[in-house]
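Presented sequentially are two complexes of chain A, the first with chain B as partner and the second with chain C.
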Partner chain A sequence: MIEAAVFAILAVMILVPAVLAVSLKNIFHCALWLVVSLTGVGGMFAMLGSDFLFVAQILVYAGGITVLLLFVVLLSGSPKDWIIKQVNGQWAWSLILAGIFVSLLATLFRQLPEPGPLAETVPVTKALGLILVRDMVLPFEAVSLVLLAALVGAIHFNKRNRV
Partner chain B sequence: MALGPWTVTGPWVPSQTSDALRRRYTRSIIVLAAILLPLLGLTILVGEPDTYFHAALNFINTFVASKGGPAWIGQAVLIIVPCSVVLTLIQVLPVFLVWWEMKIAAHIQVRLGPMRVGRFHGVLQTIADGIKLLLKEDLVPEGADKIVHFIAPLVAVAPALVCFAPIPLGHAGLAPVKLDVGLLFVLGVSGLSVIGLLMAGWGSNNKYSMLGGLRAAAQVVSYEIPRVIALLPVVMWAGSLSLGQIMDKQAGLWAGFLPKWFIFYPVVGQISFIIFLISSVAETNRTPFDIAEAESELTSGFHTEYSGMKWAMFFMAEYAYMFLACALGAVLFLGGGGALHPKLSFIPSYVWFFGKTFFLAFLFILFRWSYPRLRVDRLMEFCWKFLLPWSLANVALAGFLFLMMRSR
Partner chain C sequence: MVSLTGYLLVGAALFGIGLFGALARRNIMGVLIGIELMFNAANINFVAFNRYLHPGQPWGQGFAVFIIALAAAEAVVGLTLVLAIYRNFKTVLAENLNLLKG
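So, the complex of A and B:
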């Protein structure tokens, strides 16, 4: 009963701000609604008993990425960003496509087995750490190499533009 | 000549001999001891507060069970009471901290500071200030984004209060919530406050606020990185992200006399602590790093257009974060609620915790009133070109040392 109520609140907290984030005219407001939506996703992780994912979601998405997003909005925004519409003439087509996608998801969802009761929250940090840097160390390092390459590339392009 | 507290005093006043000064200082030490020692004795007599709480909880549980009531009443008490105690504490503490800061600042600058309100050295000064703030007019600037302007102080202060949930205010059992990822939780949620600063800067429709908000956010985001990396060696050493477990790992003695606190771990502990301290001061936007407010350049940064209680909320967030940084430092580097020596553990753990925390808070205040403000580009250079490489090198050194210790 309580779980259902929490789930309903979190679902509203994720979906309504997500729609607002892509439909409002004021781009700063959009970014703020995105924060609410991402925090709601974190709450969903907490409800499902994954403490590490909850904290990582808050730390990386709600606290890190959206702050950078707000920064970009404030530094590089032009006056028309505050009044321009976020949709173009093809919104009807995309709505139809989205509807098809949702119906496909719904058919998939009906075939899923009934979910069991929520498990007791167990700390997952240690297990996750062992998987990441012992069992899966090669893919993990490869991913970090990709990120490092992206970082170096960003600096490189920035330097060339400045000269 | 009578030396009342209200006479203008200072070492340069010729009528004031060093003898008179010495007498003054001895008297103030005696007064302080007369206040603090009975308080300490009282805490020793009372002991740990959680024993009373658990006894009360047991009583409630048995009472409810005997009347056939539902079991969730006990659980609700178990959740609500510690959280409200901590919440109240965090909201009342800035009142004390601000008074303390005013007094220390005054004494550093050879002034007296507040002396009138509340008879004894102006103890009620901040309460009078708070009443003044409550009665002030709430101004919203013309053309401001009213909703963002209204919500910004709430967004800034709410994470500061939530952050205290996993912090053990004493031994590990005194944490309101026992979280296995407590340290990450504190760091992650405290990062949300930056959004409040940006909202305040943007929503005020004021160039100074906007620049101040951007500067504050840039500073907080940048200094977050060396701060988190400086905490990595502690986590590596303790093998846990839970604040309670990190604290318990620091119980005991090194070499028979040195408390087993992480700050005393050779080389790594000291570098970590210094980087953590510097970047914590920067994180709370306090004076050597208060470029975000910078009264002389940006009027007062992101809260230029705020008045009354909205301004007070930013102020409270700043002090709550300062206290949070000190509490984290006490738990991670100074053994939290652990005693200096096992023989001293008859003093309750929360006294140790608050003693260490207030010692760190004293350091914060001392820094604020001793150093001039850094320029904004030097501030960023200091973070990215000095603190960050050293914190990374420190992690490497820590890994090497821990590995050597384990193999031996």
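So, the complex of A and C:
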């Protein structure tokens, strides 16, 4: 009962700020609403018994990516970008496409067999760390390469005289 | 007891919202916000399937860790490109970047 209530609160906390984040005119407010939505996703990870992902979501998304986004919002654009129309000419088609996609997925989910009773949640960080450096070690190293490439790319694109 | 379908529906709705944002926003940063929302929808699905169908083996959560890392890399490069575009074209609207349009 209390779990269902928490789930409902988290669902509202994810979806309503997400709608605001894609529809408000002021992109700064959009980024701030994105923080709320991503924190709600972190809470949903905690409900699903994933303690490590809960912390990683708060640290990386709510703490890192959105702060980066806010910096870029402040460094680029002008205040007149915040009062013009924010959607392009194909917004109605996008809305229809997204609606069709979500309703298709919803009909699909209704036919899923409901899994049996759940086991108790246990702390998962140790098992996750073992799986990351033992069974998934190749993707782990690949991701470290990608992060290095992103770092180099960010420096390269921001050099003033090239680009 | 919350069912698996509930989590999947929240994930699908979040994906739909992100899809709309990525397709319809004029502002490049708005497009990036939509893409972040879609990443998070995929993460919810991964973790929910992991919890309900394969408890005890956190493979899905490991995948979600990789998605978070790749989303961080994508955000860094994307936002740097936004800054470079703004410096060269003095615009943050995607429809003004039409150099390759025939």
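One rule holds in what follows: the second predicted complex is superposed on the first by the 153 of 163 C-alpha atoms of A that agree within 3 Å, B and C clash if a C-alpha of one lies under 4 Å from a C-alpha of the other, contacts with A are read in each partner's own complex, and residues count from 1 in each chain.
Throughout what follows, contacts are C-beta pairs under 8 Å (C-beta built on N, C-alpha and C of every residue); 3 or more make two chains touch, one makes a residue touch a chain.
These numbers come from a predicted model, not from an experiment.
Once the two complexes are overlaid through chain A, chain B and chain C fit side by side, free of any clash as defined at the top of the document.
When the two complexes are superposed, the chain touching more residues of chain A, out of chain B and chain C, is C.
Once chain A of one complex is fitted onto chain A of the other, the partner contacts of A:F52 extend to both chain B and chain C. In the superposition on chain A, A:V35 makes contact with chain B only, while chain C stays out of contact range.
With both structures placed on the common chain, the touch criterion links A:I83 to neither chain B nor chain C. In the superposed model, A:G64 lies in contact with both chain B and chain C. Of the two partner chains placed by the overlay, only chain C lies in contact with A:F101; chain B stays clear of it. With both structures placed on the common chain, the touch criterion links A:A5 to neither chain B nor chain C. Of the two partner chains, chain B is the only one that A:P123 touches; chain C does not reach it.
Applying the stated contact rule after C-alpha superposition, one finds that A:L74 touches chain B and leaves chain C untouched. With both structures placed on the common chain, the touch criterion links A:A154 to chain C but leaves chain B unconnected.
Once both structures are overlaid on their shared chain A, chain B and chain C have a minimum Cα-Cα separation of 14 Å. Common to the chain B-facing and chain C-facing surfaces of chain A are residues 52, 56, 64, 68, 75. Within the complex formed with chain A, the residues of chain B that make contact are 145, 148, 179-181, 184-185, 187-189, 191-192, 194-195, 198-199, 201-202, 210, 213-214, 217-218, 221, 241-242. Contact residues of chain A toward chain C in the complex are 3-4, 7, 11, 14-15, 18-19, 21-22, 27, 30-31, 34, 37-38, 41, 44-45, 47-50, 52-53, 56-57, 60-61, 64-65, 68-69, 72-73, 75-77, 81, 84-88, 90-91, 93-95, 97-99, 101-102, 105-106, 109-110, 112, 114-115, 118-119, 124, 127-128, 131-132, 135-136, 139-140, 143, 146-147, 149-151, 153-154, 157-158, 160, 163. Across the complex, chain B is touched by residues 28-29, 32, 35, 39, 51-52, 55-56, 58-59, 62-64, 66-68, 70-71, 74-75, 123, 125 of chain A. In the complex of the two chains, the chain C residues touching chain A come out as 1-10, 12-21, 23-27, 29-30, 32-34, 36-37, 40, 43-44, 47-48, 50-53, 55-59, 61-62, 64-66, 68-77, 79-84, 86-88, 92-95.
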